[in-house]
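Okay, so chain A shows up in both of these, paired with chain B first and chain C after.
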Partner chain A sequence: MIGYLTQVIRAIAFVFIALLLCGVIFEFAGFSAPLMFQSIADGAFLSVRAWENSLRWGLPLFLTALGVVISFRCGFFNIGAQGQFYMGAIAATFVADGLNGAPAVLVMPLTFAAGILGGAVWALWPGLLRVRSGTDEVITTLMGNFIAGLFLVYVTSGPLKDPSGTGQAASSRPIGEAYRIAATSSISPAIIVIAVLVGVGMWVLVNRTSFGVLSSLAGRNPIMVVWQGARLSRLGLAGFVIGGALAGLAGTIEVLGPIGRLSSGMLPTHGFTAILIALVANLSVLATAVVALFFGGLAAAGLYLPVLAGLPAAAIDIINAAIALFITARAWPKRLTGLFGSRQDAG
Partner chain B sequence: MDETIIAILRSGTPLVYVTLAGVLAQRAGIWHLGLEGLMIIGACSAVLGLVQGGSIIVGLGIGIVLCVLASALLWFVIEKLRANPIIAGLGLTGLGLGGTDLAVQAIYGSQASVNAPHGLPRLGPAFGEYGVLSILVVLMPVAVIAVWILTRRTRWGLQLAACGEHPFAARSVGVNPARMRLAALCLGGVLCALGGAELSMGSLQIFAYGMTAGRGFMAFAAVIFGGGNPLGATGAAFFFAIVGALGIRAQLLFGERVPPDFLLALPYVATVIGVWISGKLRGGAKAAASFGELRDY
Partner chain C sequence: MTTGTATALACRDVSVNFGPVAALADVSVNFAEGMIHAVVGQNGAGKTTFARVAAGIVRPDKGGVEIAGREVPVGHVGQARAAGIEIVHQSFALPPSFTVAEAMEFGANGSGSLYTRRDLERRWTRHLESLGVRVKPRERIRDLPVETQQAVEIARALVTDARVLILDEPTAVLSPSGIDNLFERLKVMQANGVTVILILHKIREVLAIADTVTVLRGGKLVEGPTSTAEVDAARLAASIIGSTDDILSETDRDALVGAAEDEGKETEPAHHAGPAILDMRGVSTRPDPEGPALENVALTVGRGEIVGIAGVEGNGQRTLVRALSHLADLTGGTITLSGVEVTHHPLSARRANGLRVIPFERNSEGLSLSSALWENWSARALLRDGVLKLISPARLRRACTAALQVWDVRFNSPNQPAGSLSGGNAQKLILAREVDDEATLIIAAQPTRGLDVGATAFVWRSLREARDRGCGILLISSDLDELFDISDRIVVMLSGRINGEFSHPYHLGEIGAAMTGADR
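Moving on, here comes the complex of A and B:
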């Protein structure tokens, strides 16, 4: 318990350091740092509307981050959440758009299945390359992000293009009203229920099943797992696929819910933020929920920064990046265990 | 033919400089995913330095100083604070992308790109068609050979490789791995600044948000593909550049039938295939076993 507390305190301390660093950068660039922090607090947590916004951004992030948690626990650096998120959103839109007009009872399950499958498949190939031929998954999943991003541009300006679209970014036709699970830019009970169900499911998977035990062992001491008679490659592959499926689910929810359509270049930092959330939460499912809300709040506040503090929306990206820079630091306070702390090579 | 060679040299040169930086880091045992961020800092500084400071030397100088400082920051975080190099590198990339955006917005307001009045010095008309190539393209082979000599033919290079492969052995003969890593990263920072400057000032003379478009990651892939050897990695970088140039040519030829986005994706697909092949040849990547963590022993 004490170890867990110090971990939480350390994570908060590093987030704080990162925020301070950003404050200095913004002051240096001629913006007001206190005003920025005030705007973030206002936009994220200081009103009911702000909380709704934080949930709207936080819940999809929570789902994707859970996927990252599962995959990292298995010991694989699957940083392709962004591409898996895109592929899920694309697959879901294909189904929802293609079956437009059919009864919702039929379309909804198919749309969700397609979205989840889309994300899972986009995680499956780097996983297979990793366990079959030892191809470094960091590079393949990164490249997968770029390929998925280009594919998104292609489908939104090609097969799924909205002919009446006049916006700057190409986008698909709006999803049919009957299939929407939330109004544009808002949160709904349906999304909250899905997030809670998936969260509970993943908590059980990680804490109460042999998969959970073996996977976190695989992340820390792969040789031990082999000695236990478990198949390392199968575990790893399962981690990849579950990670991709959750990212795909998040993509489906964004398309059917708050965004309401597929658009090129949508939420370009979603996957990166999800990885951060998983790391700040130290790969714990419960902590991921709390941290996801915090980062959801940052994302929500990011929309108000240009209005309130005259800052570019990129300010939130900078804050996230600064957190990423420090979050895995384990030298202070000394002798802490954690994801990375327990992986010291024997001397 | 000449056109194609020029196109390949132009798109390959920035990649090669950044790849060399990645090679130095890789040999020191660091998985450097901050290359993308350093590259865009270099690209941005070159243009802003020229526009605001009035001289290309100012731009290059600022770029080099900033990239070295950012590299030193990365070193401090991964070496002194023991952060994970892959995540910290991704963080540095995010800082570079966001920071350059912020800098442009702080100076120019909501403007997506900055034009430069002129680019890097060119070879000039004496070289015919090749006269459009910048001075950094000419210096590129020199940089490749210099890094090759430095890493493969000097005492320092061997010590650096020892720090990457077996830090305990390096330490036992009195080499300080931490200091060697700092040197490798900072030298890499200089190379990234040059690569970024060539990207924004070589042929385009413009800085646009996110203009590196994953080239830093591609350079990192080239390092892996080339097995940490400067010559192999340079070859891999040119392979990616050739695929990219072919993609653009193919766009002109088959643009009607094949969507352009598919052709734009070619370099990324080639990267995956390249890393897959090199993984097969070398029996698997090393990093996954330890998450790219720095080793002390």
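Moving on, here comes the complex of A and C:
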């Protein structure tokens, strides 16, 4: 327990060091660091409106990060959350757009199912390649991100193109009002309910089922669970598929919720921020919820920075990158070093 | 006997600490020139550390080393070698992909000067021949039998006029006849004026070869060097083990220190094996990454029977365990467990049928070192009950705590990582998981390797108790004394085949011959 607390405190400390470093950088670049921190606090947490924004960005990140947590715990370095997020969004949009006009009770479950399935399938093939033939999942899932990103460009300017679209980014037609789960471009009770339910479900899966214990053992030492008679391929595939499904769910929520349509190049850093969240949270479900809200707050504050501090919104990307740097420097979580060690054995 | 001759190697007040553990504490000892000295002790007594300090590999925290009366800077391999001290390690240190000639050249000079292959081979053939090592200098180290590898390693150590040769547990990897050959070779070297220091842990071997014996226990010098003419096996055993009479029977003690008689004696009436728990018929496998393929292996283990598998390491023992665990590919034959044919069943089904495995590698195959004790302990039950079953970690932790207390594991919390346990406690954790009431066949692969006396005795007692409950036990060990002591029957493996089966009373000579194929 003490060890766990020190880990959490260390992670928080590193986030603050990263923020300080960014403050110094911006100060030297001629911006006001105190004003920057002030506007981040204002934009993320210091008003009801700010909290709404933080939740709007944080909850989809939470879902995707949960998927990353599950996959990493199983010992598979699935970094394809971004592609799985896109594929979920694309599949959901195909269904919602194709069935436009049908009753919502029919369309909405199908849309969610399609989104979840889309993400899961996009994680399944790297998973199969990994467990069947040992193909490095870091390569396949990373490549999968590019394929999914380009596929998104294709569908938004091809099959799903909005003929009346005038904006610079190609996009699909807006999702029908009846199918939206958030009327405005913000958070809604429905999204909160989904996030809480899924969060509780994943917490139970990780902390209160055999799967949680066995996948953690497998992630730390796959050889040992093989000698216990586990089928590593199934545990691993489950990790991939759950990870993909959650990213797909997040994509569906973005399409049916705040964004309201599929657009080319939407949220291009979503999946990578999710990986960062999972690592900062040290692969704990509970910590992931807190960290996701923090990063959601940063994303929300990104919109305020140009207005209040005169900083470009990309300043948030610099902050994210600084946090990533410090978290990776903190040393890999043990289970990942174990993973890379065992990979050599397997090779 | 030790007076009047010059001192070849002297250690003064040598202390070595590994973290909080004192591996050696104030050891002072003088080895006389031109003799064969034995250094003995249990696992963890500090024998290997002692050898490494002498050879300059480990820098002691305190103390000094003198060779032929001259002080040598400690912790410096080059200086130690220059002063004439060489060491042959327990696990061989020659690069497996080198040819014999290349390994000799590298070991002798370690230099990068230009040479041709033919040159090298010519140079080293003579040296090897003069030492009576029959090997082609062109062969690769990895293709040589263990015994020849060791001979090459000794030849490598003798390239530079070594005055003192230290061999760290050289007999552990050898068959009985290989040990005889090694001892012959050492006697020739002694006649040539080399002082030999042998790290051993079997009294029988000490009495067969050494002029003096030095005993270490818990990092401290107990006695020595004492002339072997003045000691007998019983006194030496007491000296090595100390006062642990309460946990060891006499035969167990003799097995532990290798003091049992050469010719077997009737120790206990052989158990009458019940109906077969394990029945392997004509089992063959593909070559396994971890050893030779099994060829037409037929093996039975009865209810309430301990069957020992003897053999020089690397003769298919690992493949056998992997085949029984469905981790090696069978090309023929059948495996039957408690009357159910499981040839094509996965390990999970075999475990459901009562199979339990204590694998060779405690720290990689047996445990996940960075995971908590309770996770390691509960893995078997969790897999048995299905992956999606709801669990209560708090209840599992309590159950784990209770179980580990029964098995006498020393631990602080069920949440501590398994890697924080000592070797003996880690093995007890594995026993606590694998030896349960539903077990019918327990495969125990080298279950006592690296354990101290108490833990070894504990493992033996656990296996005997499991047998007395009706379990069949397949014990794989490279330690013949261990096998002789607790097996009801011994099966010898050679090159992936079964090469003989023996029952009480065991004869070292016969079993040794079967291990090397000299019986055919």
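One rule holds for everything that comes next: the second predicted complex is superposed on the first by the 327 of 347 C-alpha atoms of A that agree within 3 Å, B and C clash if a C-alpha of one lies under 4 Å from a C-alpha of the other, contacts with A are read in each partner's own complex, and residues count from 1 in each chain.
Note that in this section a residue touches a chain if its C-beta (ideal position, glycine included) is under 8 Å from a C-beta of that chain, and two chains touch if they have at least 3 such contacts.
Predicted, not measured: the structure shown is a model, and the values here were computed from it.
On the shared subunit chain A, the superposed partners chain B and chain C are arranged side by side without overlap.
Of the two partner chains placed by the overlay, only chain C lies in contact with A:Leu235; chain B stays clear of it. Of the two partner chains placed by the overlay, only chain C lies in contact with A:Ile223; chain B stays clear of it. Once chain A of one complex is fitted onto chain A of the other, the partner contacts of A:Ile139 are limited to chain B, with no touch recorded for chain C. In the superposition on chain A, A:Ile147 makes contact with chain B only, not with chain C. Geometry note, superposition on chain A: angle between chain B and chain C about the Cα centre of chain A is 70 degrees, to the nearest 10.
Look at A:Phe211: by the touch rule set out above, it reaches chain C but stays clear of chain B. Residue contacts after overlaying the shared chain place A:Met202 against neither chain B nor chain C. Contacts of A:Val15 after superposition: neither chain B nor chain C is touched.
The wider contact with chain A, measured as residues touched, comes from B rather than the other of chain B and chain C. Closest approach of chain B to chain C, taken over C-alpha atoms in the A-based superposition, is 10 Å. Chain A residues in contact with chain B (one complex) as well as with chain C (other complex) do not exist.
On chain A, the positions that touch chain B within their shared complex are 25-26, 29-31, 75-77, 79, 129-130, 133-140, 142-144, 146-147, 150-151, 153-154, 157-158, 222, 272, 275, 279, 312, 314-315, 317-318, 320-332, 340, 343, 345-347. Of all residues in chain C, those touching chain A in their complex are 325, 327, 346-348, 350-351, 357, 359, 364-371, 375-376, 378-380, 382-383, 385-393, 415. The touching residues of chain B, counted against chain A in their complex, run 31, 33, 73-74, 77, 80-84, 86-88, 90-95, 97-99, 101-103, 105-106, 110, 168, 214, 217, 220-221, 224, 259, 261-262, 264-265, 268-269, 271-272, 275-276, 279-280, 283-285, 287-293, 295-297. Chain A meets chain C in the complex at residues 1, 204, 207-211, 213-214, 216-217, 220-221, 223-231, 234-235, 238, 334-335, 338.
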